[in-house]
Structure formats: C-alpha cells, structure tokens
C-alpha cells in the first residue's frame, strides 16, 4: 500500500482510539455497551483481515471458531465452574488448535471448493450447537455465564469490561500491524497475488497459509469468548449465516489489507442497524442489501487499494463503455 | 414408509441439486439462491390461492413463474455487474449466499411469516404402504422429479438453446465466437433453475408445510446433493439428492432425529476435501 | 568457460498431458557457471520442460539430479532452497506490492525469526530485518531500479519489469537461474542490456538456463544450446555446432516445403492475382 | 483491346473494394503493449498471411479482429462499417469467423453438435438448410464423415483442426480468421489442411492466416506481414515468402530491423 494510504490508515486508527477513550469517559451506558460490541466484532474482523486481506484465504469458517470460543468459555464457566479468565484463555486456545486441525485438509482446495467446504464447516458447527442439546443446551443456548472479575472487583459493569475488550482489540491490531509489516506479511501478500511465484522463491506456501488461518481462528475464538462474557449468554443463532455476512462485510467494506478497515467495518455493522431499529423487521434486509451493494459498487472498500478492482465504468453497456477509451483514457 | 418419504424429500433436494449443477455447468457460478426458489414457489402458490383466490392450477403456475422471475432478477442485478467488474469467484459465491439470506426475510415480510400448507394436487389420494397411509402427494413429487430430469436432459441434448448452454459451459470464450452471449445464456439458465425450484416448492408444500426460513435449508441440502453427485453432472446431482433424502430419512427414523443436519455437513466436508468433483463428476484437478 | 562439472542433469524425462506427449525422452546436462540455451518453435515443449526442471510438474518417467542430489520428486519451494531460481514467461510483478517489497519477498527464506520474535520485536529480529532490507536495496541499485523502490511494481515500464523479475530470482542467491523467454517484448537496446546482465550473473558464479525464441540473442551469449521440437531433443551441442545444423533450420521453418507447381494461369480465376505475379 | 485498356493493363487493375481493414490497430494487456499500430486491408476472396515468432502479436491481432480483445487504439472496419467496439458474439453474424489457436473444439459436445453451433451462428438470411450445409462440409473434410456422433475430444489433432475450420465455415463468414492451424500437426496433415483452404478464395471467402512456419499454401497470398514484437518488420504483396527471407527474419542472420 502506498505511503498515502498508510498515512490515512494510521489517522483512522488514531481517531478510533480517541473515540474509544472519549466514550469511556462519557459514561453513557448505551454508547459504552455499543462500543463493547464494536470491539468484539473488530477482534474477529482483524483476524479475518489477516486470512483474507493479507493471505487471500477465502474462508467462510471464521464464525465456527467464534462459536468454539464462545461455547468453550460459556460451558467451562457454567458446567466446570472454571474461573472466567481461564475459560476465556482455554476457549481461545481451543479455537487456535481447531483452526489448525480443521484448516489443514482445506489447504489443497481453492476457489469454489474452498468456499463451499468452509461454509459447510461453519453451518455444521452451528447445527451441532443447535442440536446437541445435552452438551450445548441446544437452541436455547447457555445461560448464566459469569462476568470477569479482577480479584474481588467485578467487571460485570460494562464500563469496566469495556477496558478488557478494547485492550484485546488493541492487542490484535498490534499483532496485525507487526506481522503485516514483517517478512511474514510480505510472504502472505505474495502468496495471495501469485502462489506459484512465491513457491519459486522458496516460500513454503502451505505453512504460511495455515499460520494466517490459525491467527484468524484464534482471534475469532477470543471474540466469541468475550461475546459470551459480555452477554452472559450464548446461543447458536448468533453464529449463523448473518454473522458470516457481517464478517465478510467488515473486512471488505472496511478495506481489505488495511489496518483500520476492520474497525470501521465493525462500527458500521454494529451501530448502523441500531440506528435503523425504527425499520423494525426490515433491518436485516437493509443490512444484507447494503452488503450486496458494497460487493458490486465498491469492492475495494473504504480504505482498500482502489486499483485492486476493475473500474466502475465496466458496469455500463459495451457501447457507452467504449466512449472513454476512444478519447485516449484507458478503459478498465 | 420411511423410504417413500425419504425419496420424496430426496426428489426436492435432487431438483435443487440439479439447479446448482445446471447453473454451474453453464456459467461456473455456484448459486446458493436456488433453495429460496423452492420456498417462493410454495408460498407464492399459497398466496395466489389463499389471498388472491386464484384457481389452484393457475396459482401453481403463478408460484413457479414468481420463482423464475426472482431468479432472473438476481442474475441481472447482482451477478452480471459482478461479472462485468471481473470480481473474484469468491465474491460471486458470497453474493449468492447473501442473496439466499436476503430472500428469506423478504418472503416473510411480503408473503407470509407463518408456515403454510397447500391442499394435495389430487385430494384423498393416499397410499397404503407397510401399514401406514402416506399422502399421494409424495408420488407426485417423485414423478415430477423424474419428469423434470428427463425434460432437462432432453432439452440440453436436443434443442439448439440447450446445445448453446452446454457450449457456454464447455468454454465461455469459444461460445462467444459462436455467437452465444454468455450473460444472456446465464440469464436463461437461471430462470429455468428458478422455474424448477418453484415447481419443487409447489409440489412439496402440500405434503409438508413450507416456511420462509426453509429456503436456506433447501439451499444447503441441495448444495450437498450437487456436491455429492458432482457439480458438473446434472444426473449425478439428481442422484445425490435422492441418496441424501433417503439417508436423512433413515437417520431421522432409526438413529437420532436431531443430528441429521450435522451428519450431512460432516459428510459434505469429507466429500469436498476427498473428492471435490463428487461421486459422478469428472475428476479434474480441484486445486 | 564452463567448469565442466554438471550442475543439473535430466535423463530420459518424459511427460504427457491427456495422451499428448509434451516432453518425450529428453536428456539435458547444464554445467556449473555455463549459459545453456533451450530453443524451439511454438509448442515444442520448452515451457513444459522448464516447469519439470523447476518442480512445478512431476515427470511421468526419467530422473532429474541437481547439485549431485536426485530432485525428481521435489517441489518448487524445496528446489529454490537448494539453489534453483526461475522467472516466468509473462511478466509477473507481485500485485499490490512495491518494487522493493518484490525483492524483499525473495529474501524471505533468509529470515531466521519466526512469529514470536516478530511479535516480541527481538533485537535479533530487528538486526536481521535491517540487514536484509539493505541487501535488497543494494540489489535494486545493481539492477538500476533503486529510484523505483517505492513505486508499485505493476506501474513499471515493460523493460524494467523484466529486470525486476530477474533481480528477484537472483536475490535468492541461486546456483542455477532459469529464464523463461526473458527477451520477449524487449527492444534491441534492452536485449543488449539483458545480455550484459546475464554475463554479470554468470560471472558471479551462477549457471543460467536461457529459454527463448530470439535465436540470434541466444547464439550471441550461450555456451551450449539444445533445440527442442515436438517435445524431443532435435540437436544439442556447442553454439557453433548447433548454429549451422540443418536440423535447427528444419525445426523452425518446417520440413523442406514441397514446392507446389505455380497454379496454371487458366485455373486462377482472379485476374488481379495473375496480374500481381507478372510484376 | 484499345490503347486505353492497354495502358490500363500496364497500370495495376483498379483494386477491388476492401472488405476488412485494420487501421493502426493497437492492443495492450495491462502494461504490456502486445500490438502497435498495425494496418492492413483485404478484399473479398483475398488471402493475407501473417508470420512471426511467438509473442510477436499474431494471436493478439486475430483476437482483436474477432472482438475477443478490446482495441487500445485504431479502428477495424468491415465492408466500410466501423466494428471496433462490436462484441465478439455479434461479429460472427456480420461475417467474421475465428478458428482460435488450439482449435477451440467444445469438449462434451459431439462433432455434429459442434457443426450445428457453427451453422446456427450464421446470420439467419445466409444460413440455408442444416443438413445441406453439413453435407457440403463433409465433402470438403471427408475425414469427419464417419465421426459425427463421436465426442469431439476423441478426434486426432488434424481432425480437430478440420472440425474447427468446418464449424467456422458453416457460419457463412465473409472473412475467415485462422490462428496457427498448423500448430502441433504433422507436415502431411498440415498439407491436407491447406489443401482444403485453397478453394475458399474462389468462393469469395477472404482468409487471414496466422502462422509461425512457412506453410504449404497453394494460393499466393495477396499480402504477407511478418511481425516482430508487436510491429510489422516486413511486408510483401503478391509473392510467396521464400525460406531464405524467413530464415533471415527469424534467425536474424542479417542485422535486426
């Protein structure tokens, strides 16, 4: 990404940091809760930005690892009465391990087959959560997930849990920034552009891809765990097709491969529907329609590299499209 | 009894699976909205019959046409622009997944939020197999499934349009040299898929009620049928559907009723990883 | 000029795609520090052979040894680490990355620090990163691309794009460099610069396998040349031997053309074609 | 023959109207300029031979004329009408038919189905009866005779080439474009292919043939273009390219232009 893009990226991150701090100080419980949710959504989006934005891995399965993190945290605390902090860490570790094991067989696939296989995995995990009622509490989900505590200091109060969420988010953003800047990030971007050229330069393509997918899976599990702790509840329909759409939306609309893209995407996906609550049932439809609109009209997203996609003139019928090229401006 | 219900449900999955295979073979697009056409066919017919008081026959035809029209609209408004912008394949796949996800709430808002049933095509026609009565409607579903398979195969083999669609599937660039417009060919096959989905909906709704959210279930199971049978073979996808339906019916009956979906997904992941072209598809390299 | 010891030997290599014999019983030896040319008309099997040698495809039969090891079944990444580098036929700048980053990608295999040292920003990792970044800039300077370091690689003019690709391959410090049609699309000035560049690479101790159509370019620079046609080795030997051989001429121009008797005047119904002949 | 025609005979006969003209045609793939300002014209029943090594821009020229690749600069006119922006699927109706490199036979369809698609691509007015048209092609390419029901993938290279040409001819083209028909064919098969092409001029079908090797053409080409790096490096009219000339151009025994 050119220097101008990185500057704009950095600016948006700084602005986001200021907004986060200001909201905490403002003490408005509505905004603090909303931004807790934005932070949790951003964590899974940052992870997926590594897998899709940097390494070009089209995986529909991030939501499955979110469910793993969420349910592990919920079940360990409610059934095994584990300490919430340990449960959160265990859930995240389980997400990391499963994202390694489950993604290995997918490395040989690409294109439609990778998309279909990861989608089948995601919907399979959701269906398991919905039906294995003896283990996962079935469609009703898991109640009574305790909140985090610091010694005797309960973090149930959202303004305190807020700090945990945004610390985790900052941590993930730092991991993204350090890896993207390093030789690992360059290797990912090279593999996303030309896996054959990367192999001819000695890069172990499979190992680099699985690293990106494990980082994404870990952050997804962390996000699921935090979500369970925030709501003190977790249910299967949180991890369905709608969430898959949200995760893609946050990374694509925010701008693939950009630092601040996922933050902006998360803010959009959480805050916009809340403002549209007046639409009632039409809320879900409008959000999905917006995602379709972004895919067609603005595929590189807010902070993405604009030259990545074909130009919008391509949408015009052939006759009109030919006009500009005749006057010397190169068509798409 | 289980076998008959299994084959009937299998026929619906087979018809949806065939829709996936037809669109994939001709345009290379994996189209997730096919499942929603089944719901549109069923509930569309119900609305025309129950609300608009159309005669039953006309309502069925109306429901089928509605599904075909929505399929055509989706192709023109979403897939063609993505093609023209040369979007990557996963973006097109994502757009069909979201397309499928958007039709469900739209149906709930515009047609009916509840599950609805249709009267059987021939009232009172029941069958008596192994000690239990089952609705004759299942016979129609199976018969229609076979008829559509035969009809589609004939259409692809004998008619000029069918050959052009197969040519488009074989090579988009060469078909352009033969005067075939890929965007138009894709639109035609999408509408045909919509009509087939609509018919499946109008057929199954009398036997078991249809609800807006079932579109995704049909979409996913139809996709499993197509993947099982092999995306590039229409007959394979049909067979995959029948296998899936009977398998699910037996699991439901004898093993555990609520794990059938999970088992289907696990099966699907295994197939895609081990043999991406399905049992009957051509085994070209999937990577 | 060659040290005579073979660096890469391919013996009776055969590869068929769907019944069509793309490469048939080809044997080839490339000596250390030699510049070996591989030429042949369109569809002769050159690209297939280079993908077999560089591990992108496995031969149906036959054996490939590199630097004394049997590498027949090894993939491109393992071969690159053993010292085999290659370029690709069409220019392949890595999209979305700058010129400097394209070179740094080639140095990835030199990094020792893994994920944790990257995250912990250990001193060793920072030292390594700085040293390798300097090495990348040095290489850009040699190839005259330093001024374009921060430009997106995709925006380079065609000639510089070629040099970037070769610089990227050389950055992996290979023992053997395979160039797939490097001269395609270059003008005469650029071809001369390319020749100088290849000689510089060879002087640096790297053997070069040069696959191209520009026959005069190959004859001006190669020590040995192998001519392929219809997937088989037609003639192989020193540049001088191959240049004069009838087999080279036939490979390129097709068999001696059966001379058709000029169509008798009466038969050609188009007056103007008869007229043109008279000119 | 009065004096006027005598003098006329000395002067070149008035050239027949140009059917297909490429005027300063330029094509580029992203940054790479594949073809730079190339011009040529061809009249009804004429023949143009385009030679050049791989990467010289030959295939690009054919794909540009067939409308598969967009023009970066210049114009293409057919019978005086500007068709530069006409998409490929409509050009075949107006009489431009391309036999692509590697033949482009359609896997999964039979020989007869391939032919039917070619016939259906012709403008409705010029199509004529299907069986009669297929009959004519079988006369021109007897090797396809017994194989109509076969899947076209089971044909040999030469037979596939014949099928691709027959399919293109069934579209009743005014201009037939052939992209390296001799690629991968044994010399005798190449000779058969060119034998079949020889009669086309007489039927008023113009042919633009792209080749790398000097090929056994029976008809003398009206124009011969030799391409190098996307530019015309040699042009001759009404004379068959000699081997020496080609050797010089390809093997650059002489200096490079």
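The first chain written gets the first letter, and so on, giving A, B, C and D; residue counts start at 1 in each chain.
The rule is short, and it goes like this: a residue touches a chain if its C-beta (ideal position, glycine included) is under 8 Å from a C-beta of that chain, and two chains touch if they have at least 3 such contacts.
As the structure is a prediction and not an experimental result, all values here were calculated from the model.
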* Could you see whether A-B or A-C has the larger number of C-beta contact pairs? => A-B
* Which chain lies the greatest distance away from subunit A when centres are computed from Cα atoms alone? -> D
* To do: Indicate the whole-number Å distance between the mean C-alpha point of subunit A and the mean C-alpha point of subunit B.
  => 31
* Structure fact -> Per the C-alpha centroid definition, the whole-Å distance linking subunit A and subunit D comes out as 53
* To do: Could you grab the centroid distance between subunit A and subunit C? Build each centroid from C-alpha atoms only and quote it in angstrom.
  => 42
* Would you kindly tell me how far, in whole Å, the mean C-alpha position of subunit C lies from that of subunit B? => 49
* What parts of subunit C, by residue number, touch at least two of the other chains? -> 154
* Asked: In subunit D, which residues are in touch with two or more of the other chains?
  -> 87
* **Residues of subunit C defined as touching subunit A within the complex** => 54, 56, 75-77, 80-81, 85-86, 88, 92, 94-98, 101, 104-109, 111, 115, 118-119, 121, 125, 129, 132, 150, 152, 154, 168-169, 172
* Any idea which subunit B residues touch subunit A in the complex? -> 24, 30, 78, 81-82, 84-87, 89-91, 93-95, 97-102, 105-106, 108-109, 216, 220, 223-224, 227, 231, 258-259, 261-262, 265-266, 268-269, 272-273, 276, 286-287
* Residue ranges of subunit A touching subunit B (in the complex, touch as defined) -> 58, 60, 105-106, 108-117, 119-121, 123-124, 127-128, 131-133, 241-242, 244-245, 248, 281-282, 284-285, 288-289, 291-292, 295-296, 299, 309-310, 312, 314-315, 332
* Asked: subunit C touches which residues of subunit A in the complex?
  -> 1-3, 175, 178-179, 182-184, 186-187, 189-190, 193-194, 196-205, 211, 257, 305, 307-308
* subunit D residues within the subunit B interface of the complex -> 66, 68, 87-90, 92-93, 97-98, 100, 104, 106-109, 113, 116-118, 120-121, 167, 171
